[in-house]
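Okay, handing you the structure first.
Letters A, B and C mark the chains as written, and numbering starts fresh at 1 in each.
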Amino acid sequence: MEVIKAEDLTVEYYGSHFFLKGVNLSIKEGEIVLLTGPSASGKTMLLYCLSGIIPHCINVKTYEGSVHINGSEVRKTKFADITKVCGYVLQNPTSQIFGMSVEEDMVFGLENFGIERDEIQKRLDETLRFINLEKYREANPLLLSGGEKQRVVIGSMLVTRPRIIFLDEPTSNLDPRGTKEVLSLLEKLKETKKTIILVERKIEHIVPFVDRVIALDNGKIVSDSEPRKFFADQDLVKKLGVNPPQVIRLAYKLIEQGINIRDLPMSVQELYSMLLEQRGCLNAKNH
Amino acid sequence: MKLVEYVKRDSMIHRLDPRVKIASGVVVSLLALTFNHPLIMMLLFFSVVLLSFMAKIQKEFLSRMSPMVPVAVSAFILWTLFFRFSESRTVQGVLFHYGFITIDRISILYAIAMSFRVLTILGVPLLFFATTTFYALTLALVRLRIPYIAAFIVALSLRFIDYGLEEMNVIKDAQVSRGLKLKTRTMIERPQNIIALLKPLMERFMRFQEYLAISMDLRAFGALPTRTFYFELRMRKQDYAILIVLVAIFLAGFLLRLEGLGTIY
Amino acid sequence: MQKIIEIRDVWFRYQKELPWVLKGISIEIEKGESVAIIGQNGCGKTTLVKHLNALLKPTKGDVIINGINTKGTETWELAKFVGHVFQYPDSQIFADTIFNEISFGPKNLGFATNDIQKAVDSSLAKVKLKKSLDTRPESLSTGEKERLVVADILAMMPEILILDEPTTGQDYSTCTTIMEITKELVRSGKTVIIVSHDMELIAQWSDRVVVMSEGMIVKDGTPAEIFTDFRLLQSVEIDPFQVSSLARLLGITEIPITVDGMAELLRKWKFS
């Protein structure tokens, strides 16, 4: 079932050179999509358009074409209705936290939707368990670590039970521990079959987690395929200035050396198995 | 340095209904404005300090009050030098006179009263914010019939104070590392120095506020005309008791003032 | 080589009632070294580098910069010797033109007018920022702003350059440009200290890595020594490089930390 559709989307910001040109795409329920590309390629802009942040929260000079979420055109739908189905996590946790305690922050969205107190209580308990922050229930979120803060933001987003989740570089400001915490939370989210669309730079860990990579360059989509196929196009990857995970770069080198690699490995485990297989074949040949 | 941040402690004052705390703050401020006898002013100020001890936040309170001390001292100096009580009345105990400057016994006492008044009036909101969360303040304003959006914006704007102070520290470090001299002998700093501190602050501020506004929309702020409140305010016996005491103090103060007491002239 | 930074048993806390942030740190850095400091947020690395240009002074112990004890100096006095680039460019960019922005530092240091022009031109060239001098800093992209703030500090011609998370939030090409800049600086005899979470860049570009945890130095060595010490990495919750983990799985005894290194090892392993 299609949840998001963009048709001929052409958008331009005021006073800068950022733009999108003629973007067409379709995202199905449960897909996990990574938007990537060099700086100023329009990936964040696209995320904002697909999620309704453009045009509702950010004014733009030009907006042509359309974006539909669950069949309703974004421009013609009230943003409050869009936020009922969509959840958002942006880069800087501090500007997304409104409560003096974790629970205060998490109930903010539910209160705004007029949800009944009992229901709020139920969802609060459930989500605190999910994000594994039960012991910080009454803690001041601004005093928590970066990873914990971002988990609070994710929790506050999850309580409203969105079906589509948009993440804008959720780990860009985090240290290694925080990045791991957030990524494992995303892994858990994958199991809930929600549709997830994210922009992320630290692609090394993200790559095994996504179904689809959409690459932008200069406002246009230049690639839209599953990760293995995307990385297989070495020239494109280089042109976009994307730094693939080490195992993929290693695979490139091995291919150069003449080793037969059918599909690019997405993780250390995969490359390990591939190499053993290769060695096995070689040994078999030599005997 | 945090100025308005909530300090979480378990104290009777923290547990008071925010509406009662607002009322107390108003009464204390009114008393501070009504009277001008230095002893009464000092009493009021020390009551505020005593309350901070009762709220178990005395350390934070006193450290947040410390930047206010220079303000109070300046008030003292200015009033001592320039308050001309004795102009049209019989010169009573003039200690020093030169041109515009007149120092007499009354003006010194008055100046003391004024500085304590300043400290009291600045101390009351500090005490309030240290013992009341923004949520509680917002809810209190809503229960006092102020529209939610306005109440929320008031509470949110207060957050910017501490954000600004923190950012200022970061900016100061960055610019000082570029050779910016903050402590110069001459009182007149190069204007460029001030811009070097203020412009990045404005920039960060604008950016933060933009993001905050977007975040509010993302959480459906203002989506519905009525929203639920998960946490509630409940007036308890202690709250009513304090209210009664407040009314009594206010009336007593009012009457005393009418009788002409508690003033220095 | 000459010792340019000496940190002698430094203990630091912000106030008496607060816990120690730095607990007995001792390091010596020689002129011309390229040092990276890594560790989780809160381990004290930013607090430590703030001591290098006297933004903070040790509660106990001493910090000696080029023979001068920081306890007797102010940051603006050290600015001609130690340059400190902070994390967010927006926290320091304030001027209306690139020229005014970059010349701020030199002006504060009392450079002569000719020298200011030279300093601006040379630092713009070093950071490879090809923009005219009257461009407005606001119109620059994030990557360009990052290079601008590095230029701001380079224009003061410091001997020591501290970069606090210069690559966080930057795209890959900006990251490599920044690292190239530091490499050139080190080649010309400057000392560079980087605080970063970008382990791969550090492994490629730094000579020395100092690992911190909870206010203490846990290990100090070459990138190879640090990033192959699996037990250390686990104790500070840093994942080993994918190639390192792969080598371990394959039973290769020599653990690589770069893709090229691994490719070489695999060539040999294939036929073992």
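Here is the rule we go by: a residue touches a chain if its C-beta (ideal position, glycine included) is under 8 Å from a C-beta of that chain, and two chains touch if they have at least 3 such contacts.
Bear in mind the structure is a predicted one, so any value in this text is a computation, not a measurement.
A.B. asks: Higher C-beta contact count, B-C or A-C?
C.D. replies: Looking at contacts between chains, A-C has the larger number.
A.B. asks: Compare the CA centroid of subunit A with every other chain's and tell me the farthest one.
C.D. replies: B
A.B. asks: Subunit A to subunit B: how many Å between their CA centres?
C.D. replies: Here subunit A and subunit B have centroids separated by 44 Å.
A.B. asks: Distance from the CA centroid of subunit B to that of subunit C, rounded to the nearest Å?
C.D. replies: Distance between chain centres, rounded to whole Å: 42 Å.
A.B. asks: Express in whole angstrom the distance between the two chain centres, defined as the mean CA positions of subunit A and subunit C.
C.D. replies: Centres of subunit A and subunit C (C-alpha means) sit 30 Å apart.
A.B. asks: Can you list the residues on subunit B that touch subunit A in the complex?
C.D. replies: 6, 8, 133-135, 156, 208, 211-224, 226-231
A.B. asks: Using the touch definition from the top, list the residues of subunit A that touch subunit B in their complex.
C.D. replies: 53, 56-58, 79-80, 83-84, 88, 90, 92, 94-96, 98-101, 104, 107-117, 120-121, 124, 140, 156, 160
A.B. asks: Which residues of subunit A touch subunit C in their complex?
C.D. replies: 16, 38-40, 91, 145-146, 169, 172-178, 180, 201, 204, 241-243, 245-247, 249-250, 253-254, 257, 259, 268, 271-272, 275-276, 278-279, 282
A.B. asks: Would you mind writing out the residues of subunit C in touch with subunit A in their complex?
C.D. replies: Touching subunit A from subunit C are residues 40-42, 139, 141-143, 168-169, 171-174, 197, 199-200, 237-239, 241-243, 245-246, 249-250, 259-260, 262-263, 266-267, 270-271.
A.B. asks: Contact residues on subunit B for subunit C in the complex?
C.D. replies: Where subunit B meets subunit C, its residues are 167, 170-171, 173-182, 192, 195-196, 198-200, 203-204, 207.
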